[in-house]
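Attaching a single structure in structure tokens format; questions to follow.
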Amino acid sequence: MTVYTLKIDGRDVAGSEGQSIMDVAEENGIDIPGLCHLPGIHDRGACRLCVVKIGGSPRLAAACVTRIAEGMDVVAHDEELEEYRRAATEMMFLERNHVCAVCVANNHCELQELSADLGMTHFELPRISPTVDVDLSHKLFGLDHNRCILCLRCVRVCDEIEGAHVWDVMHRGLETRIQADMGVDWGDSATCTSCGKCVQVCPTGALFEKGRPVAAGTRDERPFLPWLRVHQEERGL
Amino acid sequence: MPVLHAKPAPPSDDKRWKIVETRMRRMGDRPYALIEALHAAQEAFGYLDESALNYVGDTLGVPHSRVYGVATFYSYFTLKPQGEHTCVVCTGTACYINGAKEILAGIERGLGVKPKQTTPDGKLSILTARCLGACSLAPAVIVDGAVMGKIGAAELVAQLEAM
Amino acid sequence: MSEQPAAARPVRHRAAVATPAGETRASAYVCEAASCMSAQAHDITVNLAAQCAAAGLTDVMVKRVGCLGLCAAGPLVEIPQTGELFAQVKPGDLGGLITALKSVKPGATPKPQGPFFEKQLRVATENMGRVDPESLEDYIGRGGYEALQRVLADMTSTEVREVVSQSGLRGRGGAGYPTALKWTTVAKAEGKQKYVICNADEGDPGAFMDRSVLESDPFRILEGMAIAAFAVHATEGYIYCRAEYPLAVARLRTAIRLAQRAGFLGANIADTSFTFDVQVRLGAGAFVCGEETALIASVEGKRGTPRPRPPYPAVEGLYGCPTLINNVETFANVPAILRKGADWYASIGLGKSRGTKVFALAGRIVNTGLVEVPMGMTLREIIYDIGGGIIDGRPFKAVQTGGPSGGCIPADYLDSPVSYETLIDLGSFMGSGGMIVMDDTSCMVDVARYFQDFCRDESCGKCVPCRVGTTQLWMLLDKICRGQASLADLDQLERLAKVVQKMSLCGLGQGAPNPIFSTLRYFRDEYLAHIVDKRCPAGVCEIVRLPDARPLDAQPTEVPA
Amino acid sequence: MSRPRIATVWLDGCSGCHMSLIDLDERILDIFGRADLVYGPLVDVKVFPENVDVCLVEGAVSSVDDLERIKTVRERTKTLIAFGDCAVTSNVPGMRNPIGVEPLLKRAYLENVDINPMIPNRIVPQLLPTSQPVNRFVDVDIFLPGCPPHADLIYTLLDDLLSGRTPSVAGARFGR
């Protein structure tokens, strides 16, 4: 396997051919934020939080989907990037109706955590305040679209790990929604195996286990996806 | 490798399913035939109902949620039956600066329907198009397949009301 | 927007409706491209043939042709022997045409046709309005397939790429990437199976170049694609065409069938070992599918969402194989370059922009229609000499180029030459070639809002900055248009536009703020008029005046009884 | 030099942020040993005074009354602090925004009421179409998010301000 050497934020690091900038950064303890990224499932470069600068190019690249190359010079943190990341995080908050205080994920939410890491204290722009549904039809789990950031981890884990492909997205643009089967209520899905993987990977409180009080402040730990637990621990969740 | 699965029977013995089935078979009943199959079904039936989506998905081995995702992504596909008559208003740039906005406003005032809506009596559906490429006729509308160019809102509403 | 413009539903009919047995003394070319078709052009063809027969004009040919260009005056009929163009012809009133056809002298020479035609230089559209789009013989009669045959007989793929490289041809889809460079990447990419895709998902509102080319000269695209396939070692091709263009799709399908039958597509083309076949794939109404990776996803039957690049489609494209994607006009230039030589093509143009460019003129302009001009022609020549100036002689305000990713260029720059570079310097973009002319009846803030509305409607929803940002930008512009905004909102607009431009995944989001940037650059005073004076200078926007000074969202809600 | 004048305002919120302020415990003596508390739910003053140096604003702007008050506050205050999530993001009061005022009032005052259901149209101030954070209407100098902000954060911020240091809200975050 070919080994490449490169620089991330001025540090000399090495990785093997085919690895992403995100992978190599993680291995070297350099934290690049990302909400759609999750080890073990395919990356899609959609949340744009992991954008980095490469070799002075004016075009930003998503670290999760950009493969490393020999001699690459990556800037993962500077004032400009932090500002863009704050802006993207703000957009996620404003898109739906996030109310941290009364959310099941309060205190173990990756979006909330990220906003704190970025030192966000407020929003410059108005909320969009769409009217969206809460689906409580499943006997074990719930889906609150108010808190969905469309990272599509649930879609990918259901397809790639569980192999059920219950979830997909419907419509487009701001109307994009997670949906089960033919847009049916989750409880009526013929394909759902109730494995709970989607709930486990949800970075926010959009997918949640019923019966857990808001005040719990933790997630139920399950024995599947051990790599996932590691990832969450690394992020202090 | 194509996933091996039993080919489902068409939802009914309506002959139009043959057209859909043939279009899929010509493409080897492979998942990439999905959009073509949806086109075929919509051409045949006018819109895509759940049985059509299920049938196409099951034939091509595409999960239902993905079929639904594709069918709702593209604005050309419609999951609801259209009105008896259709009026497509072009909202391309040339039509926009030549008064498409007034036409849509006029329709809403006169007939009480917005784009993508059908009148309660099921008579008329109002649609919009990004650009019909008929910029020389701006503002252009298509009523039941016939293009009408350089038309005013009042004139159009009168025509639609007469239908 | 489930548009189903059945208007242009194709009618199957014979190639030339009247063909003289002997010498043709006079001909009538009836434009049967979409715009004229929607004005009953086909009835003209049929009626004219019948009336010629009735009048005993056995030496007159009546045939349908593709776009004659001057769409504003359609339906059009041309008598090529004299150069006479009949505008706004009525199917029920063809007496004038019959008289003109009768009076054509044998061996007549065409008289000048005026600046609309004479200032143009037709390369990609050289057959437009000359050939019957559904006749392979007609195409061959105009030099069609000469290039492909020569390529297959005498050239290596490297030589073909070399010629394209020397011609200086660049992608006509908008960004202007050197065509030969793309071809070479695909040719050199590893992979047994390679694909060629023609991007005919012309989505820019107000642009109809590709539509006209496809409707008027479909064989040319097939020839261009075959040459490209030879040059990059591909064996399969797709044309991804908007479903909203049923006439273009029908003509492409006919052309493919005829070309296959004649051995210009399929196995062993022109009795060589070269094999290449083409299929049409229909788009389904998603502007974002004009983006290469989204287009590929759509051809694969998926949601048309783009993916980050690299890897570029040239390396990992359709079904993971190296894939060449060029747009319609790019392919349309290829046969001419191979036939007439790289030097000839490279001799046309300005700076790094060689050759010609097709533009669709629309908006508040007299001669709405399709034109092809050498790169480097000034905007003034295009808009005033060819386009005939502004309707009703009103003052020119701006020309919008590049579609939703483009910009508005004001009157001060009318004398700028048109090339990829100059348009970018002016804060706009070549785009696919739409030119929307605006006069003083257009409000530039409203125009910016219009394009933002378009972008938010067409955003695929995959990445956050585009999905949310375009809506937020639209909300800010809407606020300004309604006279509800403050100067702080203007700052927000600029800040957010920058974020959306830098952070978005694909060209749609990255380009979405361009109309804002360019209107702010040239028409900031109009923004300020809305914000400070609460007035729309063009009188377009509905300024919301409220009884008290509070903005809309601070108005009390009436309590229901 | 006169002592700094601090005010607190309670708009559309649950008063939890004020409770957190009281949670300063003995440190409250430190703060108000150095400054005067001139207005707020904790003191009996009817009119928002002039020349306020620092004002902590709890709650979102939801009604006509809130809007008038926040404008007055802004006019008379040097440093305006959006105090807690409701003031910063509209938080829980903002949950009504997707619903709309009319269905909201109907639900609250008609559908869920057994005895004499009616929508009040006097005494209760008229609602704005949506409940918005303070910075949608007036300029805010410092944002202190949290539901509620921890007493330590409040102390640090007020201490910084009273000591003339650059005020810090480090560690403040939405929710919790």
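Letters are used for the chains, namely A, B, C and D, taken in the order the chains are written, and counting of residues starts over at 1 for each.
By our rule, a contact is a pair of C-beta atoms (placed from the backbone, for glycine too) under 8 Å apart; a residue touches a chain by one contact, two chains touch by 3 or more.
Keep in mind it's a predicted model, so treat the numbers as computed, not measured.
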- prompt: What pair of chains has the most C-beta pairs in contact?
  reply: B-C
Query: Quick one: chain A and chain C, Cα centre-to-centre, how many Å?
result: 39
- request: Just give me the whole-number Å value for how far the CA centre of chain A lies from that of chain D.
  value: 33
- line: For the pair chain A and chain B, the C-alpha centroid-to-centroid distance in angstrom is 34
Field: Whole-Å gap between the CA centroids of chain B and chain D
entry: 51
- request: Any chance you could list the residues of chain D touching two or more other chains?
  value: 130, 132, 136
Message: Counting only residues that touch at least two other chains, what does the list for chain B look like?
response: 66, 69, 73
Contacts with two or more other chains, residues of chain A listed in rising order: 124, 126, 169, 171-172
Touching chain combinations (by label order): A-B, A-C, A-D, B-C, C-D
- request: Using the touch rule from the top, collect the residues of chain C that touch chain B in their complex.
  value: 1-9, 34-35, 38-39, 71-72, 74, 202-208, 211, 243-245, 281-287, 298-304, 319, 360, 362-364, 368-369, 400, 403, 434, 436, 438, 441-442, 447, 450-451, 454, 458, 460
Query: Which residues of chain C touch chain D in their complex?
result: 550, 553-561
For the chain B and chain C complex, residues of the former touching the latter: 31-36, 38-39, 60, 62, 66, 69-70, 73-78, 82, 86, 88, 91-94, 96-98, 115-116, 127-138, 142, 144-147, 149
Message: If we count contacts the way the header does, which residues on chain D are in touch with chain A in the complex?
response: 82, 85, 88-92, 94-95, 97-99, 130, 132-133, 135-136, 140, 143-145, 147, 169-170, 172-176
Statement: Counting only contacts in the complex, chain A reaches chain C at residues 44-48, 51, 60-62, 65-67, 83-84, 87-88, 91-92, 94-95, 124-126, 128, 149-150, 169, 171-176
